[in-house]
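In what follows, a single structure is set out as structure tokens and then discussed.
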């Protein structure tokens, strides 16, 4: 059982959902990013997803895309992220997960990345454009370095395919709440319940719900069907408005 | 891992949410496309709607200058003015067989958008076209054509506001609308099965050209040359000759303004391997894997990636990839227009330019085919900025 | 007196100084054109350069609406985008056989000018194009195409500064340059032998259409419909069916804005017999025999006369001539674009409009051919002024 | 022998060329035209060619074309010309010839025109777009009313064709001095001599040279090869400048 799984289980056992904020690395500036990371860490984050910016984030909505481009303009690279996290290793209570498109990892070198990321204290990776069929090699390397490759599933993922993911799934399962990109949903579609039920049957690791989440009451209908919640666009928007991550994190206490 | 791969290139690097529609399309490619009924319907459209077969035109004046025979495969004469219609009609027909009601696509120069909007009308489907805001601006002629054809054109304001961003946006939209919409990918790139599907529908170009050159000259050509943007016109004509080992296949990329380090659209000549838009291929990118902006005077070549089968043909050496810059292209545009009365698209002018600039590489008296992928009417505004060329 | 006459129409009403070049041309028509060598060369050009044969496209959506089958003869797919190229290539080739070094022509909408400039390049001849100053202004797109093709475009400032004045100026120029220049008359009008010569070169349209419709439907069509400016596309397709008494031949003239007494381009429907540009034919003229200005939204129909063979077919009743106004034309442009993805030239849209506006005149289930003489890209600027049509 | 032939022969016998000015009817205004006609008549014109304006004068150069369009704008019609000449019948010493394109005559009606023109004192007609092959019917009608249809020949008219014209030629022969339209030539081409020689052999009526003639010295090279001279564009330009035809006519005295 990876540290990510453990962390979520602990929260669930404490009668709450694990809290997983997402923040683009180097957003809004290289310095402020670490301030906000700190705020997230000391205000209830169980796991923090750090976005690795990419020029062509085809699975993201406008908020994350804009944050990503802004970070790139400021010279944020995967190497910078790994180096800065290495410097700060051990400072964070939350588990750290990197989330980014495959190409920057590919250019970094899968082997080198896995080693450096493990050294930096990263325990998981989410790659939205690396579906099951393409993930074999990278996943194996990551596993060798103790990094979990998180599976993403959506409303159109058949149970049979969930099973294929489940065979090798680690950490937690990222359930995409609707058919779309990050940050968009106003209401979750009715099929979501079925997806969560099936996922619960298939996977023996926790389920995290993400995409379009702004506030706790959105989760009420799901009860125990989910174990963790991921929020990104709404958080970024709030940080942009208020200059701090604290108020947004307060909502989830 | 070899499904959808050409050697080490290709694949299906997309969000999990796009796997189901891609699988649906793989099924259709395997089961519907080869069926006699589909093939008949498709070739009826190509013949009676598109106007195929397209001729193979000998260029008497240029051939005399060059010392060898230059033939043009005339995709410029297709309905809507380029090779794009072959692919989109095939895909639109397939989408109809799959029960889809609408087409979505991306476009750079607008040719694929016009072709898709047209195919949608021919098959009575809806159509939505994503186009970078910069391209909307500079290709207003084609935007107007799409609108007249009843398509919805969505300007994309993200990123570099060009083709690659339009593809991102189209992929995003497809996630949402996969139940009703077919993503009519415009070139032989993107996630599997698009590179294969598009080659399949463009292969008519190569089949015709091979038959025609043999009829006309009694032999296979020395070389077959095509411009390479995403790579659909090139793969279409190459596919007819790829098994003929004696035939040189030459893909011409866009070198942009051409000086060392300039912004270009030549990922095979100047790029490195990477992953974008669902495929592992050659890309223009920085050391961190960020995609670099591309440039070419020919809007349709302005893309920082290339279809994976070209990356493979390049890697294994079956095809040669070269590059030609903007000024060489303009000179070729003028040369062909003035010598033969055929105004080529600036994309196609790249392929012509390679021949004109490298005539010593071709033996005297040999036969060379250039794929004339489109007509140049759309490029008049651009060409006319270089008045010094035309006096 | 019957040489060069169609019934009472036709003739050779030109300055004595033009009789010798016309006689030279008559000789060429009699001796060179029918020769096997010429015919083979001409049909090679039509096939391998122009892209013939042009398809016959069935319109599924409109046919369902209409209750009968609408077929389009796709001259829009020819190289340069209209039927004009058939004629000019024939004439250019003939001129070359006659030892001429250069082509001269007139143009209204510019399509004939572009086609002639193109044929000149294809056959390595010089080209000069006379064009009314008003037309130079409103058809700037085609002026630019001609210039890119290396033609000299001469704006004509005389008279109404439109097509008829361009013809006057071309005739004047021809007097001077008859030794070196062939006057590549752009439509099936003018002095003998032009109406016959142009019909000869455009007859490929009718021959193909007849063969195609029989192949496709097993029978002759109910009606064949074409727009009539000077009359070349119409005579080209009619000539294939004129001996088939059961086939209705319908020529569609331009009614202009359409209200009683408006400026129009419908000399057969609204004109009287007279003599202009070397021919006795139907003309728009006042009681004193002064030629009146013409108007149509379609530049290529904007001519106050008509080829003499049409005057004859009208007079003897073998063909029916009707008229369609500007707004009906625009609606037809939109209807065909939206229904089938085919953007017709505004000239051709007149023929389409007649069918759409008169569907009760055609029996259910019958087959109707419209000659789609050209593509509509050139007309986008005009069409877009009517934004209310396109939302 | 028609009165036109007689008139030219008389001049030649007097040792000079017959003078044939051309003026567009109704130019520069309806009234001034008759003033100028008077001036021509009383200043040496043997024959006056009156231009019938036409919208599409394809054999004329810019000067005559402009005069023609100006006249049309002022409502000049063939009917007006005939009527006005009828009113003034007998006032002119010079023979009157109408010169115009075929369509206005066709619309007027050949028969009616021939009758009315004869009544108006017109003795000849020049129709630049009515070559031999098309002239049969009209020529016959004109002849019945005593009006000569003048033949035009040019540098490219073969001798054989001259002969065909000669068979029915009346009045005089109008020899076009160069390959072009009215008013243009700066120098006569060398072939002109040959044409004049052939024409003299073929025709037994006088030869008038026209197109591009401005001044007597242009005629010097031709000696007896011509019998009459026609000028139009140069005269019109002079009238426009000076408001009178007299100075131009003076040149020829």
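Going by the order they are written in, the chains are A, B, C and D; count residues from 1 in each one.
By our rule, a residue touches a chain if its C-beta (ideal position, glycine included) is under 8 Å from a C-beta of that chain, and two chains touch if they have at least 3 such contacts.
Chains and their UniProt names: A, D = Tryptophan synthase alpha chain; B, C = Tryptophan synthase beta chain.
Just so we're clear, the structure is a prediction, and the values are computed from it rather than from any experiment.
Q: Taking contact as defined at the start, I'd like the list of chains shared as neighbours by subunit A and subunit C.
A: B
Q: Name, by label, each chain that touches both members of the pair subunit A and subunit D.
A: none
Q: Using mean Cα positions as chain centres, tell me which chain lies farthest from subunit D.
A: Result for max centroid distance from subunit D is chain A.
Q: Could you please state the distance in Å, as a whole number, between where the Cα atoms of subunit C are centred and where those of subunit D are centred?
A: Result: the chain centres lie 37 Å from each other.
Q: For subunit B and subunit D, let me know how many angstrom lie between their CA-based centres, rounded off.
A: 67
Q: What graph shape do the protein chains here make by touch: line, ring, star, complete or other?
A: Graph shape, chains as nodes and touching pairs as edges: a line.
Q: All pairs of touching chains?
A: Taking the chains two at a time, the touching pairs are A-B, B-C, C-D.
Q: Going by the contact rule set out above, which residues of subunit C touch subunit B in the complex?
A: Listed in rising order, the residues are 47-51, 54-58, 60-61, 74, 76-79, 81, 117-122, 124, 141, 144-145, 147-150, 334, 337-343, 377, 380, 383-384, 390.
Q: Quick check on the complex: what are the subunit B residues that touch subunit A?
A: Where subunit B meets subunit A, its residues are 1, 3, 11-17, 19-20, 158-159, 164-165, 167-168, 171-172, 175-176, 178, 274-278, 283, 285, 287-291.
Q: For the complex, which residues does subunit D have touching subunit C?
A: 54-59, 61-62, 65, 69, 72, 77-79, 101-108, 128-134, 136-137, 151-158, 161, 176, 179-181
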